[in-house]
Structure formats: structure tokens, C-alpha cells
């Protein structure tokens, strides 16, 4: 009854099967037939020409994408609790060669135009101050909240007006699409780049960088190699992504984990710190309540002193979600 | 009948099986039981306390190791045809924050003290010139040549006297150990750091950084994360390495590929550009000869205008190696 | 009647005279007799062995000093309005190869142990989060406030306990010493490094990096060159600093500007946003009041919507300071 | 009788006088009237719109210019004895964020298309190898040789065809113009950027970055600040350059030093290692001959075991040049 993290989930059998199927001789790096199929496959999914590259982690996916939008002397605006700021060990500083992160506040780790302007309006347009070059948003957000197409459109307009790039950290993009019940294209909206997460959602070691300006792909390919991320046997990376995309496995998995989260949420009522729109729940629970749940075998992380975080995954058993819901209701 | 590259080889069944066995819930990143076993496993192998970290590519393995030896304002001495110089897309420049590579010449892509001094003796000890901080050698070398323990001891003495770090790029370390028929410890000699390759030798996506000064491990762990190389589900990385180390699979695989290379070499005689000590052959063959071999179904790369490179792998079929040997002999 | 900035002040005649005196043949870079004298001169001033290097700007002085304290994968804690964060165009990101700045709040742009712990206590000691390596404080602070020796001692103890380096941005160090009426050593306290400002205080183009661990000097000299800051004719840099240090000109100049600021402050009473301890005044003045002063010929910058910043300098005429005091009093 | 280096020369009186004239209140950084005049002044000189920025060193001038031409994942082609490679302490690695230097050979430290192709032709157009982004040439070269307008035109054509930027390190640009007896525009030819040297030629601490694509100026201004090179009191920098440009002082000074070099060269005959076209002489002299000259009071550096380097400057006394000529002739 594990609700620690979707990182702790298993790998979907289709993905493991895909590795076995890819276990053949082919050209190394990304010269193989699986890797070669990615651009087309992502272009189909998003309904426009784009480039898709496998990459081993979301951190590297974010950073390689951001490298096309932020010059070393510029800044990236992100939420103060964004993964790029809090949990990537300074990778943006490394990949962007010292560019700055400007931290904005925003309800539910979502950013609006006003949130961004609150931290950028005071920046003087002179060389003493680092100028923003791009915005990074997370879909679904670090608090499991989702940007609607309308919210994305507004951010896109603002970014365009302001000459800023717009990046989406989509570590849980699938969960957002499942929640919105829209197309992948609608859920990414006007973003220039997307880090499309597969690993938390059933993959093993392959995320994707998606570039909606495919002319930037060549540069990103050079930088992927330069970052030591061009794997020798890339076919085993590409095969994972193709398996996840086949028959919308990515979406089915996300629907499953969202449903489990919704089941639990239904029992939490006023206890919820944030609306549950994806697969994460932040639930007010005091020390004794958390202890009580743990005694029943539920595993989860504390969230500060009087709350807990529960994350569901593609392999969360419905009975476990139902059990947790009941246990919370019974507190 | 493929002799293109050991990168093009399949993944050993034991490694695929290990992935399936690791397909269980555990803590993410490197908090799992497989990753936790690596330090001890490598310490046993090398007979002294060391730290071992999984990493997705040899390029990243080299660069993370080198980061402990070379400051951003320093230089690394390597062979002019070293992988770090020729084939890593500038990764050392990125990871070492702009440190310089000083290129030495050396027979068979091996470096001796004299080779190194030939390019460093003229460096004035003043701030206008970048000072060497470390040396990188490749075992087996880019031309398939092997450093003996005696050669390594001499380099170690020189490095120590000169205050230089000593790194070993061991993309084909297994092949070197198999050739030398010595212990792993003897084949790495006095090196401070080792990039231990498994992927060309039957692995899928996991190499190792081995640090013989385990006190540097904490820093390397931070830098691995910062480079976007700390994988979410690290257990699938660690499991590959453990499978390769179990019952010396790494060594068995290398012996197999070395034997195949020796078989072919025995037919090449005067045609060999370099002594064949590992699993690569550089063979003088004119255009017609190469065409003749290709017509018989042998796949390989040209090496300049009048030579070819053949690489054997853990899965090279003995009949293919024998077939190639016969075909060359018959030219 | 200019109170815009001490950057706008003239160069002290002794400094210009020193340039003329240094106008002789000597060895280039820092091989000349003036540059060679700096280590000793600063060691005398601070009463312990230290290294002193000329450098053209405070930004570069801060960054070169910080480079000895912060690794690329670490973080620097500073005030959210610190010059290194607000006004150096991202130079710390460049010089520290992408290290992070962690921003603390603190009254008067001063930092206490509690202020620092408020932003660092929550940092988990794991590789996902960037760990603090050093603290930077500004003496006098960006709001013209001064750290007393007692405050410095406390910070030093904290830094030592926490394994953090401690840097002082001393763009207006002279003003702080003048205010404290103590020795230079007491005003720098337990800091590891100091960016000692001379330019705002009568110099032309030479600040100093002072390293209280002189063993780091060699590295900083390499990095100064690498940053393109080793000037060809360094003797004209060193001569400026020697002129400023001779007969305590640096201190006399600071006393002069502090006295002018105190004169004005005495007329400001409740209007002061911050206690005036050095040569900067932040004064509550509404739009009409600011207009009234400007009509009388006083030049200064607005500070937000209802305040103004006045900066005095070594060449502020006493009658101008008195005139401003009267004008403010008369509002 | 000093022929050590033009770096060791004095500052021209007009430059010192300009510092005194600039000794007035004005806006700090480059907001002053002197700095504001530079773009126009350089545009007049080169007969086309360009941007001109002061900067304290040639190293920083080169690096800031190169930053507009070389991406971090690219390479710069330069001569193996180019200043950027040999004498800038790794600054290009720092400023270009780890970009690579590809070293070409070429007679007299000059590069031709063939020299460049000799080192770039073998670079495969794939991500494993760093691709050249720009070429850097030195005018006059490190051996005192000069590119003619015809040579520059050929390089420009090649660079354009190959999609490469073209930078000129003009530490001794004035000497090249004086030798060619052409316009500044002709001596820079089709280069995209120029590091225009003034310090060796009579200046004190101000070189210029000249950008022939003025649209890149904004970015370079940001990067100059980020490198800690935006001086507080920039007016003292700009004033030096304006003094050097006034009435072609830069050209007069260069003619003087070239003439002194020519005088000495006329006595050297077969001893010359390189044709003397600017103000440097590389002269075959054995140990005893060098000793004999030094006994007569001539100061100079050895150049290897059996040669010496003599550098003349704007303040070389004609009698000293004549004296050296006679002394060499008398050997």
C-alpha cells in the first residue's frame, strides 16, 4: 500500500517487453530505427511538426529544452517551488551556464501573468540586472494542479508580448491530459518546448524533450551529446517511449493513477490543501492521524508538520486506493 | 556478420533478466538496495575501498570522474585521438567548466611519460598559460592497445611527482583485463578514477564511475544529479551492473570478444596497423579488398582510405569470426 | 550639488598623481614593483598575512573571492537586495559556473544567523537540493548599515560551525571602518575574503581582492587572468591602491563622506528609512518634496514612489551637504 | 634600451592628459558622454555603422567578441600559437562556456583557407565531434606578420561559404594598418568582430571591442557587465580611446614603432626568422651574441635557444633602435 512516489512504481510490462523486442543489432546512439521514428510519432501526437528526443531524466529534459530559450546571461522565471528550482540539484545553473532563476509565487504552484509580473516588473532594463528570457511552468504542477487550455493561452500571449520563451515541465503531463480530457496539443498549448515525462507513468529510463520549433533540434542533439546523455544503445531508450505511446498507454496509465487519486480525494474533503487534479494529494493530517494510517500499512511522506503527501501511480491497486480512502474517512 | 561496433551488440540475457528481477517497488533515485550494493561490490573487485556509481554513458562517466581531478582553470592531458577529445562532443569542456585539453601523441593511442612531457615541458608556470591538472589514459586504448601494470606504475609515479591526477577511460576495461589476465586492480594500477564500461560488453544503459578516493564520492553524487544523470528508477541501472559483475560475466564476455578478435588477427599478419590486444582490429585493406569482404556479407567501417576497422563483441558468433579470418586470408 | 552616486565622483588628485608617477617602464602585468608591494601593504593594514590583488571592478572582486569559497554545485547565501544578486548582471552565475544564490531577508540589508537559517534550515541534505557553501555580507550594507565586530564574530562562529565560507563585499568598506572607528582588521572580522572598494572612495579603476588565506592567492591569480582581468600595465592599477592606502587616504576620504551624510541625516529625523551609518541616505520624501529639492539644484535618485536616495562622496562639498540639510529641514 | 615588450612601454602623454580632462562628475558606468561617443567615433573610422565598447584587456576583448560567434557547444579555429590559445590563461574556455579551440598550423602565425581546412576537413558532421563555429586571426600576427586585404577577402569568402564567423585579434592592429598603409576598414576586411588594441600602443587600460554587426552590441554589453568588466567610472576608459583616436594618434604611434622595427630589421638580414612587418623582430642570435648585446645594455627576451625577440614601442627612442641595429650588424 505504497503512496510514496510514482518514481517508486514498477515498469509497465509493455515497456519491459519493448526492451526485449529492441534487443537486436542496430546502429548505435540514435541512428537506429526506433529513435528515428520519434519525431514522426510526436508530430502525430501533437498534430504539428515537432522533434522528439529521448533523454534519461526529467532534469536533463528540462535543461536541454531550456537551453534553447535562455541565454547564459539571461534568467528563467519559475515558481518558487518548481522542480527546476527545488529538486534538480542546480542543473539549470549548469546547463544554462550560470543563467539565473527568478522565483515567483503562485497558488498551487501554478503561475499566472500577474504572478510573473509581480517579480519581473521591477527589473530595470539595464545591464546591471539579469533580464528574463523565458518562463517555465509545470503541467501538472508540483501541487498536482493543472493548467487549462485557456490559462495556457493567456500565458502564451503574455510570453509572446514580452519576448519570453515558454517551457513546460511535463513530468506528469500525462496526468494533466487525462484530467483535462483534451488532446496533448491542447494541454501543451503555446509552449515552445516540453519535457514529456514517461518514467513516473510506467517507463523505465526514457523521458522525451519535445521541441515545437524543430529547427532547434540539431542544436539540442549536439547539446545532448555534450551533456553525456547520448546513450550508446539508444534503441532501448526509444523503444520505451514508443511502447508508452502505442495505443495511448501513457494516457491509460495516467487515467488509472488519476482515478486512484480521485478515489482517495473523495474521502478527504476539507483536509485537502490543494484541489486534486492529477495523481498527487496533499492532505491535512496531524501526527496521530498519520501514525494511525501508517499502522494500517499505508506508506507516504510527511508534508511539513501537519500534512502528508500521497502519490498514486499507474500500478496503484484500486483496492489500496479504496482502502486508503476508507481509512482517511474513518479518522 | 557484423563487425561495426560493440555498441551495436545486443544486451546480454542476464542483464535483461536482471531488469525483470529489479522490477519491484523500492526507493527512487539511488536509494534502492541494488544501488546501495555498488560501493561494496566494486571495493571487493578492486581489493580496496572505493565508491562506484552508475551512470548512463561513458562520456558522463569520464567527465564526472575528471571533475574531481581538474579545476576549471586547469588542463587535462590526453592523447590526440582520445575519446574525450575526439568523440564526446565537447563534454569535457562542459563538465569541467571550460578547462583545456592538451593533446599528446603516442604510439597506438597509448601515452608514456615522454609523450606527455613532449607537450607539457614547454608550459611556463605563469598565469598566462593553462597548467595541466590531470592525465587521462584509455584502457584498452582507442587503437585496441593495452597498458601493462608496469606501464601504469611508471605513469603513476610521474603523475604523483608532477602533482597530476590520473584518470582511466575504461570503456573497454574488461577487454584489457582479459588480455592482461590479471586482476582488475592490476589493470587500473595507480589511477585515481576509472570510467568502467559495461555497455559495449553486454550491458544496456549503465556504466560506472569508480573513485579510488571514496571521499570524493559525495561531490560526484551532487554533480551527477546536477548533470541530470541521477535516474528516477536507479535500481534498473544498478541491477545491470550487478548482473555484469556476477560470476565475472564482464570478464567472460570480454574474453569471448577478445578471442574472436585474436582469431581474425591471426589471419591478418602484416595487414595489422596495431597489435591486437583487445577487441578492435585496424587492418590494411584496399578498396577492392573491402568491397570483396562486404560482398561476402561482412559489415565494418572504413578506416581512412586503405584500411578498415573491425570490432568484435560479446555476442560475435565464433563462426563469423572464423569466416572473416578465412575471408581475409583468402584475399 | 550632486548626490546621485559615489560612482559619479571624481578621482582623488593623489590617485591621478600616482598614475603619473607610475608612468615608467616596468615589467608588464603584475610583475612590476607597485603590484609586488600589495601583499605586504595589505598584510600590514590587516595585521596578518594576506594576499591583495588589484582588479578593475567590485563585481569581479566579489566573484573572484567567492570562487575560492563556492564550488559550482554549491550555493551562496546572500541578502535578497545584495549587490551580488541585484546589480552584478549575473556575474556570480558566470564566475561560479552556475552556482546558486539563496536569498535571505534581513533588516537594513544586514544578515544575522537567524536570517540565514530562515532560508537554509529547510534544505535537505541530499543531492536534489543545492547545498550552501558560503555566505556573502556587505560592509557597509546596501542600505548604508554597518556590521559591528560583535555581529561579525557571531556570523563567523556560525559559518565555522556550518562549514560555510564567509565573504565580505566591501564596496564601501572604508565608510564602515570610518563609522566604527576601529581597525580594518576589526571591521572585516572573521571573513575569509574581502572585496575592498577604492573606486567609489576616490580611486579610478582599481579595487582589491583580499584573501586572508594567502594559499588561495595562486588560484585567484590564475582565475583573474582567465577572466581577462590581468591588465597589461598593472602598475597603473597597483599605484592607485598604494596612493589610496598611503597616509590613510582611504580612511580620510570615507570620514569626509560619512560626515557629509551625517550632516544631512541630522536634518532628516523621522524621514530616514534606515539609520545612517555610512554615506548613503534613504529618505522619505513625497513627489512634491523631491521636486522642490530638485528645483533647488539637488541631484539624486528616486527610491520607490515616496523616497529618495542620497549618496555623499569624498568630494562632496561641505556647503552642499549643509545646503541639502537645510533644504530638507525647510520642507 | 628596452625591447622587452610594448606592454612595458609608458602611457602616451595625451592619454594621461585625457584622464585629467575626464576628471569631472558624470554618470557612472558607460552612461557618460565619453563612452557615448565611441560608437560614432568607430563608425567614422571604419566607414560603416559599428559598435565600439571599451574593455580593460585584449583577452576580455577577444572573448566578448568571440561570444557572439561561437556557441558553447561549438569550436573556434585559431593558429596553434595564437594568443587566445597560448597566452590567455584559458579565458576562451571560460567566456565561451567550454567551447573548444581547434589548432591550425600556418606560416608566420598567419592562417590561410588551406591551413584551416587541414584541421577541419576531417571533422564528421555528427554530434560526437565539436563543429567549428568561427575562425580567429591575429592582425598583426603573433610573429609580426600582416594579413593583406586580399588575404582577408579570401578568408572572408571561405568563412561565409562555411557558415563560420570571423574574428580579428587586433592587439597590434595599429601596426598592421601602419604597415599596409591602408584604411582601418581595409585592414579589418570582412571580419565580424575586432578586438582593437590601444594599450601596447600608448594607452593605459582601455582596449575596444568593435562589432560590425551592431545588433549584437546589446548582448555584448550584458556580457561585459556579467564578466565584471563594466567599470564604475567608465569615462576614464572611454577618454583614453578617444585620445588615441584623435588626430590618428594610434596610427602615428604605430608608424613610430614600425619604423624603429624596420631600422633594426635592416641590420638583421638572414638572421630574421620572420619578415618584419609590424613592431616585432624574431632574430637568430646564438648565446654569445645575445650576451654581447645584453652587455651593451639591450634588454630583450630569448626566443628558444638560438634566437631573441625584440619589440619596439611608441616610445622607443630612435637612437636606441639605431644603436641596436648597429650592434647587431657588428656581431
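Just so it is clear, A, B, C and D label the chains in written order, and each chain counts residues from 1 on its own.
What we mean here is this: a residue touches a chain if its C-beta (ideal position, glycine included) is under 8 Å from a C-beta of that chain, and two chains touch if they have at least 3 such contacts.
From a predicted model like this one, the values you see are computed outputs, not experimental measurements.
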Which chain's centre, taken as the mean of its Cα atoms, is farthest from the centre of chain B? C
Have a look at B-D versus B-C and report the one with more C-beta pairs in contact. B-D
Chain B-chain D separation of Cα centroids, rounded to whole Å: 42
Determine the centre-to-centre distance between chain A and chain B, using the mean Cα coordinates as centres, and give it in whole Å. 34
Which integer distance in Å separates the CA centroid of chain B from that of chain C? 50
Junction residues of chain D - those touching two or more other chains: 29, 72-73, 88-90, 93-94, 97, 127-128, 222, 225-226, 230
Where on chain A does chain B make contact in their complex? 2, 4-5, 7-11, 16, 19-20, 23-29, 55-61, 63, 88-91, 93-95, 199-200, 204-205, 222, 225-233, 236-237
Once bound in the complex, which stretches of chain D touch chain B? 72-73, 75, 86-90, 92-94, 96-101, 127-130
Residues of chain B that touch chain C when the two form their complex: 29, 71-73, 97, 127-128, 131, 219, 221-226, 230
